[in-house]
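Below, subunit A partners subunit B and then partners subunit C, in two separate complexes.
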Partner chain A sequence: MKKNRNNRHSNSMNEEQDMPVNLEGTSSASENNTDDGASNSVVSSSIEHVITYIKTELGNPGDLVVRHLNLEVGLKIKAAVIFIDELVDSQKIAEFVIERLQTVPVHIKDMPATFGESFYFIKENSLSLGTVAEIENYNDLLDGLLAGNTAIYINGFPKVLMAEAIGGSSRAIQEPTSEVVIRGPKEAFTELLKTNIGLVRRKIRSSDLRVEQMKLGRVTKTPIALLYINNIADPKLIEEMKTRLERIDADSILESGQLEEFIQDETFTVFPQLFSTERPDVVAGDLLEGRVAVMVNGTPFTLIAPTQFVQFFQSPEDYYMRYDIGSFLRMLRFFVFIVSLIAPSIYIALTTFHQAMIPTTLLFGLAAQREGVPFPAFVEALMMEITFEILREAGIRMPRPVGVAVSIVGALVLGQAAVQAGLVSPVMVIVVGITAVASFAVPSFAVATSARLLRFPLMLISSIFGFYGLTLALIVIIAHLTSLRSFGVPYLSPIAPFNMDDMKDAFFRFPIKSMLKRPSLISQKNRVRMTNHETQKSRGE
Partner chain B sequence: MREQYKISIKQYFTLIVLFELGSAILVGLGMNAGRDAWLAVLIGLVAGVFLFLLYIYMFKQFPELPLSKYLPLIVGKHFGKVLNMLYMLYFMYLAARVLRDFGSLLLSAVFVQTPIIVVNSLMILTIIYVLHLGFEVLARTGEIFFALTVLIGLSIFVLVLGADIMNWNYIKPIAGEGWMPVLKASFPVTPTFPFGEMIAFTMLFPYLRTKKKALSIGLTAMILSGLILSLTVAADIAILGGHVATHVFFPLLSAVAKINLGEFIQRLDALVVFTLITGGFFKIAVFLYVSVKIAQDVFSVKEERSLLMPLGIVILFGSVAVASNFVEHINEGLNIVPHFIHVPFQLIIPVFFTVIYLIRKKSIKKKLASGSSTLT
Partner chain C sequence: MKRITLFLSLITLPFLSGCWDQHELDELSIVMGIGIDRADNGEMRASFQVVNPSEVSPGIGGGGGGKQPNFTVYTSNGKNLMEATRNASRQTPRRLFFAHARILVLSEKVVKEKGIYDTLDMISRDPEVRSTIQVFIARGTDPGTILETFSAIDKVSADEVASKLEVSEKVWGENIGMDINEVLQSMISQGSEPIINGLSLRGDDEQAITAKNYEAGKPARLYLNGMAVFKHGKLKKWADGSNARGIVFVKDNINSSVINIDCEGKKDSVAIEVVRSKVELKADMKGEIPRIKVTAYPETNIAEANCPADFENKDTIFKLEKLLNKEVEKEIKASINFVQKQKTDVIGFGELIYRTDPKKWRKIRKHWDKTFPKIEVTVEADSRIRRPGIRTSPFQYELKNEADR
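Right, the complex of A and B next:
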């Protein structure tokens, strides 16, 4: 009888492999093991020892809750429910742990006779929670408690039950703030990893969607999830991502931006090498193209690799709207990026070196406006650009009510008054205004910031060398872009190296029916995305 | 050392076109032939194709080796080294000349008071930076700028048509004074510049991903650029008239400057200058890279990047030193360099080592086989 039960226990242990618990230890520990010295040693079988140990290790914190219980499960036993307040859902614990423990299931005749038996009895009969694991060393016990699990300890047996009733306050799923669309799903990721994985799973209900979890950060022990679709993503890419993640040895990973710096290919560049998004539909779309996603607990921003430069100009809306308007908007965004990058430089170059290119009447107008301005065009532009950067930063960091004041000061005092005072010419205000609006129209904040940074050196060089300097600087920027790689994929593909098939989804968004294949450099083996039965039929006829 | 990058067929094509158009589209090509200059360009193209066939023939004999590696095999180690150094200097000289072309262009068009060395050093520094990132980056950047150049070129062509400034009577009668003056004006200038300069690609053929297409794609690119050049020259003459076109330094610029659409689109020459800059950029970059490759073999340097800076600086100072003024520079370019520098390096020396190769074919093949077996 007892043997049977033991077999069952070992089976149930094997089934619970996805628990965050180390199951490698053997159950050879004797019942009177009282060694509570080293942290990875086996849990003591005395309730006092265990509680003292936890309290000393955690520094006897005020939010540690130890609830003592006297149970009668066949024999009288002392038990304790231990958890950290605010990390757990206390209602769940009251309802599904403590209440269940205190109600002895009378209909079961075969009551346990030893502490060990009652431990398994409780595990199987008295806990009505989905996830319950048994652990046997102090290390796992502390990690589990700090991750928000609830420990249930039965006096006299050197194991602890870990029930998952993670709770505490967290933000609800809300609309995305950085990637707004008019048509399309309105949900965004939250700070909770579990929720975020769930949001993606709800979009891709395939058994091939793989979620691999790990912990990063020696101190923070941040849960991280690696998502990919098994048959689509390149296995080499997954391996590469895993090795890069495992190579990280840092104190803390608090946001995916920190992780990004650890796993990106090239440090010295202004261009973002990993795409980050807070939209589940974007992640799902990218996974389906064969990319991998990395989620970090504590941030709604998910990283996607490998990244191509054109991705930053794609909005999920492109695919939800008709292809014609989608293509138009996409080209507009590329144009807008170029404007936000070089508009002030072109103005400087034109007014400083290439006046001949300005139509004569306009040139007279410009010259008349600039007459009272004491500075060269470069200084004028630099002043206005820096003023704008200050206003922008102030507008973001200020509390909302003050933000209005900032914009009034910015628009009226610095715009109009500066012109009237003869500090800048009205055309300069227009140029800076267009640049500013253009930089907000770039859909990705990350790539808009690289344009923001590059604007200043470009202004400088075009004030010294005109269009010649600007041309060479653009050659340098493009050459730099072509030299970048993100997880082995050329950053500027499919433009260079050029690929006709992939161009369908770069500057334009071709009709979905015509995009039969996945991006060639990303999903190398499984490339066919769909079969267009219409064209096949017409060919067959 | 990094693995040698393989050039894709598309990149090979775009590089040849950018290289051929580079500086040739800028200066009045074959203008000695007067209003028949466009014919001279076509004749040059035909003759240039034969030179290219010669280079391809030698490449077919040594599909794995660049010029600098098979020269010593054919003419012997020491003489080969001498020839290699001569070729290195030749390519550097050509790079310096192209750099001077563009420096002068910028000085005359935009930077009247800037010293030429400042303008040129900005260009050479950019080239060194891009080559420092690897030839791969240059080839890929070429793809992008090829597309941009085609776009701008087409729009300028449409603007020229729209502005209705061409008078095709200027190029008539075709070969009015007989064919002899045209042929006289063509040889040896137009076949050697720019078509014969394809000899620089003998250093790049082995790095092609699809070697079989070296001939067909190379020829297509050459013929395309030849036709573009001929059309441009014809358009220059049709816009400016035979007399003016042959006497200005940069006929293309003067022609484009005539565009005036609705008093709004005008003075496009400044814009054209910067499209041309990219062409010059790729031409100088190819010459610099090729000379670095030869220098790497001659001086047995492991890392090719370490040679970029020294050779680049020599080219920079060379570009200032090649001529004391622009008139002298252009005069040299049209009357001296083709006869005394291009012809030996593009025709005489290649024919010479091809003949030696044909004579000693068996022993060279044996040497190559034993050499490769000791290598592996």
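Right, the complex of A and C next:
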């Protein structure tokens, strides 16, 4: 029944109601309530019992609000409005629940004669909220309350009305902080699942956009949404995603990062196998390519699967700017990734093994700088890299007011003074600086982190074996990348296995008109994105 | 416990600079020039010009500058070059590093008397030394002095000498770059002999090797001085001036040069700039002694004209071209005569004959020394004057016109 309602709502024009209706904790909660103490028994028909029960189960918390009401709906009724403060929109409750209950519509002639009748009378006539459900057992009652719903209990009838007036403080939609663009939408997801789904729905107004919800985490009962486009996404992929999600049996899912670890293909790798984004336009674009998205309540970061390595170098802006600059920037990002990965290793290998490869004049300069530096080039590089990592970590974690102090100490003392003190050579500072800036130019933080981690073993190897070792290590890394799969899709596709059509959107961004098909390994059946404008035009003329 | 020990030893690994083939930059003596000579007792004497990086690189290091020399020369003896090189370690504080060496200077006396053969193997065998190292012969001086001479513009004299050769090769054409590879190649290949650039010191010998040399107003300078013609590995004769350029011309190695021709009866009054040139060699195998035809196609510009000639008239240009042809032919002919007289085939006529008719070459080869001087060579030039620069007729022509009026 709920599903039907879902579809009906999504077809309606009203944007407010466009959001998926889900009485959180009413129906689906019964699926995973195996061990949480509360009994599955039917709600008592005595108001004292019910209230005592709720108070006992929840441990009589201070934020539980029980508002007793004496109503006159045909007959005199004791009623109670029960909710947990801060989870609900108290304005709505006061206006659309309590006020409506207290002002009985007198113009109706058939006033109820029994408690049961008045229960349904109230449900149908006295609550002006969009979503109201009836529930029968204590379990659903508690789950509903904890999910932020409002219980309306009518004395003498063994059912409870659950009205959705979820509120409480939440962050407004703001600009994305980790994926900034100059041109393109400036909205980012928030912590609220409802809002996030809405943001995607606003971009894809199709009845084929499917949103399936479930709850994960035995304790946290975190709402999770699986998004896909019905005719585009591969049904096998959706099935696989569902299976992997259902397999999770954990206490808590607090952030999509935790979920990612549960559903990724390979644990022992430094490369992210699921793409995460906080941008609705990225999610919309990926859904339209046939991928699926997983949203987790409580975090703005949405997971996208399957993921290809090249995705981490695609910025949404590539598609909003002209294709030429888009292609240039994309190639630049691949280059920058390589720089951030191997720049210090190249420096170490060149200066300790392959001095013959350095131009003579530069060699004089480098040799002069090395003069008086007490450590081998590797140790020198390691010290500077670690220093930079410390600075970066401090920069992220430190309280804002001390930020200035850290940057002064970092830039002046560690850069300038380390050189003057003869700890490191000036060119080392340049190498570390280039590496640092390069790692920030990679659009995806996740893949920049992989480069950051791999940098150190690569430095060690090139300090022992020079370019020979570095080349071998890079071959191993590429072999490893080739072996990775994300939901069955080769991680390095479309490079390996090679696909000419998909290459249009890998290292380059071809003109949109030329990208007629969706990625071949992702959407299996419905692959045509658009008709060929050129042929159409020539036919028309 | 074992794991901890392993871990700790792995951590200490990078600090121990014991890795094979690994050398930090400050553990290297960068050799820029190598000199090979013989000591009085007949042993090999090697000199190495080693750079002092902190003096050479701008703005870095010791500060002050001038307190230490830009480079220093180590000299050591040994029975062969390898022994001499390793023997030098008694003087050098760091390992000698040869990958950036740009010049190899051989002693004139040694290559004249003992020959070049014993000096080249190690240089071409050592993986560090590049095959692009330029070979020179110290003419009228010894390799040690050449390497010790302080230079005025570049900080390292070996660097400066190599650059001098590059520039002169491009604009003057009396010398061509001969790296170790080319020298060996021309020695090994059938019917050809090497020519090697000469390097001389002009000025005060005593002052040249002191730091004062680059402070002096008139410093002693190294300059390229002809090319040495070899025969069976020994220096036979020096080819100078037009002889040297003629050889370079025939070998088709001219990049650019200047040729003077007469104009309006005024001797050498027009300077013609050769911008590119192509030379065709053809061997005529009929007859017992092969005949060779040399055709040169120089393309030129008028660079200077100190005569009243009308360059707007195409007949004037044709006339100049004819004169130029003659001049080129004369020069090439003279240089071929010169090498034939020395009985050494530096141009590679033997190779040409071998390529044209290998069977016949096998017959000639045995008495090539005798045949080579007898070869009849005809030289022809077909030159083109393309551009007169940014003015057409010389102002002297306009002066003459004014006077006539």
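Going forward, the second predicted complex is superposed on the first by the 497 of 541 C-alpha atoms of A that agree within 3 Å, B and C clash if a C-alpha of one lies under 4 Å from a C-alpha of the other, contacts with A are read in each partner's own complex, and residues count from 1 in each chain.
Simple rule for what comes next: a residue touches a chain if its C-beta (ideal position, glycine included) is under 8 Å from a C-beta of that chain, and two chains touch if they have at least 3 such contacts.
If you're wondering where the values come from, they're calculated on a predicted model, not measured in any experiment.
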Touched partner set for A:471, first subunit B, second subunit C, both or neither: first
Which superposed partner A:498 touches (first subunit B, second subunit C, both, neither): first
Partner chain(s) touched by A:366 [first = subunit B, second = subunit C, both, neither]: second
Touching partner for A:377 - first (subunit B), second (subunit C), both, neither: second
Which of subunit B and subunit C A:463 touches, first, second, both or neither: second
Contacts of A:398 with subunit B and subunit C, given as first, second, both or neither: neither
Subunit B versus subunit C as contact partner of A:356, first or second or both or neither: both
Touching partner for A:238 - first (subunit B), second (subunit C), both, neither: neither
Intersection of the subunit A residues that touch subunit B with those that touch subunit C: 353, 356, 360-361, 466
For the subunit C and subunit A complex, residues of the former touching the latter: 13-15, 17, 19, 21-26, 28, 30, 32, 51, 53-54, 56-58, 60-61, 97, 99-100, 102, 128, 130, 159
Of subunit A, residues touching subunit B in the complex: 353-354, 356-357, 359-361, 465-472, 475-476, 478-480, 482-483, 490, 492, 495-498
In the complex with subunit A, residue positions of subunit B that touch it: 8, 10-11, 106, 110-111, 119, 122-123, 126, 129-130, 133-134, 136-138, 140-141, 143-145, 263-264, 266-268, 270-271, 273-274, 277-278, 281
Subunit A residues within the subunit C interface of the complex: 351-353, 355-356, 360-361, 363-373, 375-379, 382, 426, 460, 463-464, 466
